[in-house]
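Shared between the two complexes below is chain A, which pairs with chain B and chain C, respectively.
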Partner chain A sequence: MAAVKRITKELAEFSGNPVPGVSAGLVSEDNVFKWNVILTGPQGSPYSGGVFTLNLTLPTEYPFKPPTLNFTTKIYHPNVSNDDKGSMCLGILRSDSWKPSCKIAQVLEMAAGLLKEPNVDDAVETSIADEYKNNPESFEKTAREWTRKYAK
Partner chain B sequence: MSAATNFNFSVIVIPSAARGAAANLDFPTLNQSLSFALEISSPSDFQTLYSQDSKGGNTFKGLLYVPDLDPSDPCDNHELVPRNVTRKANLPMDDLKLIAYAPLITPHCSRQYMYSAENDNVAAFIFYGVPEKYSNNTDPLEGEEYPFEYPVYYLDGAIGQPLMNKLSEYSANMSEVYNGFNLTEAGYDIRDYARIYTVISTRNTNPMPGLWLFLLVVVAVLLFIIGASSLLMHLFQFHYRRSLRRRIANGEVDLEGLGVGRITVPRDFLAKFPLYVYIAENGGQTTPPVQKVQDATTSDNTAQTSRGEGRRKERVRVPGAVVVKEGVSIIIPATATAERKSKGKERVKDKPRSPTTAGTTAPPEMTEVSTSKGLTLASPTSPSTKSRSSPKVQSPSTSTPGLGNQTSPPTSLPHPRGYHQTSCPICLDDFIHQETTVRELPCLHIFHPECIDPYLESQSSLCVLCKQSCLPKGYVPIRLTNAIVRRERLLRSVRERSREVAAATAANNSGGGEQGGILWRWRLRRLRRQEQDLMGRQALVRAGRGHYGERGRGGGFGLGPHYREHREVEDVVRPRWRETMDRIFPGFR
Partner chain C sequence: MAPPRSTRSSLQSVDLRALDYLTSPSANLLCPICHSPLITPVQTQCLHTFCSACISLSLERSLTCPVDRKPLNHDDVTPAPIMIANLVNDLVVLCPNREKGCPTTCARWLVESHVREDCGYATVKCVKDGCDGMVERREAEEECVHEEVECAFCQGVMRKLDLESHPKECPKLSSDCPYCSESFPNPELADHKLVCPAEVIDCAASHFGCTYSSRRSELDQHLSGCHFVALTPILQLHTERIETLELENKAIRQKLDLLLPPRPLPSQSSAGASSDPNDANSAGRDMTSEMQDYTYHLYSEYEQLRSDFERLNVQIRELDVKQDMARINEGLRYNDEMTGVRAAINGLRMQLHWLLASRRETGTGGAGAGGARSVAGSSVSGDARRMSDSARQVVKL
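Here is the complex of A and B:
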């Protein structure tokens, strides 16, 4: 199966050359389509000190269809939906802009980058994005609070 | 109301034996030479006083008689109505159809007669005018509302009085009627009855056409309107379909963006996409151009030939590099080319070529994947044939002034290499120099055939890298339905609107806002609202996509955001009347 082959390859590549601040691995050895990802909150961001766990789910059509990223740790972030799914909606993860040449490592890198700097133009939570733009102090306060509460 | 057109009086013979079985009055008329017959058809001789029958065309038939009045009633004027006139008692049976006949004297008398006639269940009533010394009344009810169901007619006195007298002659048995002796002599049974039989014909005098006719006209007009608008809509839809087909053929329409379902590449198209043996950059310096592995079809050959020649003509020797892309050439200074080459991330160790090196070409930078870099077509070394290359293969050498002079058969076309790709973007495996067979799509991206073919055949017609359609220009892969036409128009209008919004916003930002009139501001507000509406809808669709994606349903990769929205709408089974409606009025939705 082409997808399994590619994912295995990517997994090996990622283990050999991990993205800083990100650790990832399979949830269980017999299923390469489910990855467990741990992001550490970057220094200087309101998420610093927090540890965020995510589920990375790869479709069987991978790499033709994009993977999905879900935060299992609650996070106050414009690009992460504030519900039980915690889905992260990035530009490259949308199926109409996804490219098969994009690797999982790049996706994770992007996710880590978003913790450093949220993308307000492509936000899922528009209210948080507005707060981030117009009232950064209040945003940072809440984000820090949530990090302390949920991501320790 | 229906007016009388004709009165016909004749004498019929009712055999005495027919008692009880003669309600339809289908009896022979008496020999006319021996009896009486009267036909009144001149409109000046009669009037229709009351008729509740609106249909017209009816005939009223019955035996003529004078209704009975109370013997003490002064209306029973024997100067006008002879004593021996035909009364109800003179008729052979009770259940015969009757037409009442009476002089029109006073309203009171008319009423008495009419009540009496009502009791006898008459089919019609005929009044006749009397000399002025009795009455000059012509309206039996003097304008009161007419209470009865039977119609009432009026006969001119000059005809009416003699008829009354005639009626008195046909009240007794056969021997006593007018000409009775001759009649019995002629063989009529003396016990038979000879009575005056009356037929009143009517026609419709309504100034309005009949209700039915009116309805018919209305229905006809409606049908015409429906038919005409349906025809017009069909014509318009046909026109739209044709223009959409033309625009698709011209490549102006993004079919995938239309969301008309999964558009895939048919196998025979796929087979026409060229297959090459991958040649790495460094390999190109020592090896000749590769040959095409797969034999192309004849039509493909010609296309390839023309394309190849067109391209080769561009490769003129210049002091610098020529970027070749479909007949467009841009001259780049050699230094720039060299600089870029050294910047390239490719594994190949590039030696900067001298400006005089023949035909150094660089591909245009189209994707982030590709790095611009020299093409390996014009190899400076002499050709060395690989085991797989055919004898037809010709390769350029440094001594050749330009490739334009060369003619090579299409089967030996070198790999044009539009982009620099060292690995397959699908499986991430590196292409192996002179070993890997690669499939080149029309956008010049290359893949492992085993990676890209199943995808194009079953999932999408777009290149996974640049999302450019792999279908040839002018190919319309779908049946164009009115729904597609509608969607395309909608999409286009939405796009135009958002462009308008952008323009208006820009104008507002630069213009400072106040100089526009109320109208302009209103327009801007409307545009903004529409834009927000549109954005909201897209967000909705986007959310819906996630949902479907999780369930693994309808997984068209690379389809526009409208794909599922419309799929959802159209998957719903619509009632048959809606289908019919759509067929009749394709323009309504």
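Here is the complex of A and C:
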């Protein structure tokens, strides 16, 4: 199966050349479609010091359909839905802007980038996005508190 | 004599996408969809290249180019230039039977025929008519290895292929233990060897210096009285500690070397040391450590130079920007001045025109009067010229 081959290749590439602040591996050796991802909160962001775990799920149609990213650690972020799914909204993950030439490493790099700088134009949690825009101090305070509470 | 190989071609198919390449191929030769080197490359209208199979799969899902998402139809996909196909076909791959032991590497376009006709590790059909068994080509002798035979000792029925390795497992065959010379059935021998009471083994603390060795059965006696064994826990602890300290020491030394100012060159110190022949050995050691230090110094110096260089680069860039700004400012200033001067010149020209025009006007009105007025209004020099003129006239006269 083409998908398995490409994913195995990408996993090997990622292990050989990992994205800083991101570690990733398979949930279980016999299923390449489910990845465990660990993001470390970047320095200088309200998430600094936190460790966030995510599930990366690849569709069987990969690379023709985009993967999905879900936070299993609660996080206060405009681009992560504040429910038990914790789905992350990333521009390139939307099916109309996904391209088969995009790589998982790029996706993870962008996810790590969003922790550094949330993207309010792509927000799923509009109230958090508004707070981030209009009242950054209170946003940072809550985000830091959540990081301390859930991501240690 | 081995049978001519080409008579039996292997049915093993080669999955080109699963091949391993001798060197990692250029990223330009990878298909953006499967990230493997292109297989039967095709080109789209928007000049992107894909594997033929990959782009078909992609077009089944969406009629757009997978790279730039421009609209794309099946008809817009044409075979890629032959040069690209040749480039990927010439990539050197490892034989797909490498894990079974085939060391062959060849160009990718040859690998299928290698597996079909040459590879000794490819599976081929058994020589015997009517036998459906498969066998690796190198093992395919003239007779069928799938015939069932009986073990002469245990009467077990097995394929001829497995008979070779059977004696090690045959429960009816027994061998002698090399230590106690007792006989055991073959399957049990390996287990027995691990516990044979007659095997001569070293004391458990041999790596700490105990030289005692005896039969396994008698070793217990020694172990209860051996000083080394009694000391083992503490010795172990010490060894571990020394190891961690050594590591730490090494790390600290490296840090120190980076911080210290460079020492004199090793050639000087080694020249001094080698003057004493008795010390040749230690001098050699000194020299290697000195060399190592020197490398560190070089390295740190290199780092320093690099950072200096980077700093200078930044400064130069800043200066460039500053100079550009200054130049632009000056240019603007000159421009302003220029326009001022130009305006002034224009004003002067206008005035001149006006003057000339008015003079011409008055000249046509009454030349004599104008001339008189101009003589009357002209400066002393004008008068002087007039005078000189008249003087000349006088001379002429």
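Some observations on this one:
In this text, the second predicted complex is superposed on the first by the 152 of 152 C-alpha atoms of A that agree within 3 Å, B and C clash if a C-alpha of one lies under 4 Å from a C-alpha of the other, contacts with A are read in each partner's own complex, and residues count from 1 in each chain.
In the analysis below, contacts are C-beta pairs under 8 Å (C-beta built on N, C-alpha and C of every residue); 3 or more make two chains touch, one makes a residue touch a chain.
Keep in mind it's a predicted model, so treat the numbers as computed, not measured.
With both complexes brought onto chain A, simultaneous placement of chain B and chain C is prevented by a clash.
By the document's definition of touching, neither partner reaches A:Lys149: not chain B, not chain C. Of the two partner chains, chain B and chain C are each touched by A:Arg6.
Contact with neither chain B nor chain C is seen for A:Lys141 once the two complexes are overlaid on the shared chain.
Of the two partner chains placed by superposition, chain B and chain C are both touched by A:Glu61. Counting the residues of chain A touched by each of chain B and chain C gives the higher count for B.
In the superposition on chain A, A:Lys34 makes contact with neither chain B nor chain C. Contacts of A:Arg94 after superposition: chain B is touched, whereas chain C is not reached. Common to the chain B-facing and chain C-facing surfaces of chain A are residues 2, 5-6, 9-10, 61, 63-65, 99-101, 103. Within the complex formed with chain A, the residues of chain C that make contact are 17-18, 32-36, 53-54, 57-58, 61-62, 66-67, 69. Residues of chain B that touch chain A in their complex: 369, 425-429, 451, 455, 459-460, 464-465, 542, 545-546, 549-550, 552, 555, 557-561. Interface of chain A with chain C (complex): residues 2, 5-6, 9-10, 61, 63-65, 99-101, 103. Considering their complex, residues 2, 5-6, 9-10, 59-61, 63-65, 68, 87, 89, 94-96, 98-101, 103 of chain A touch chain B.
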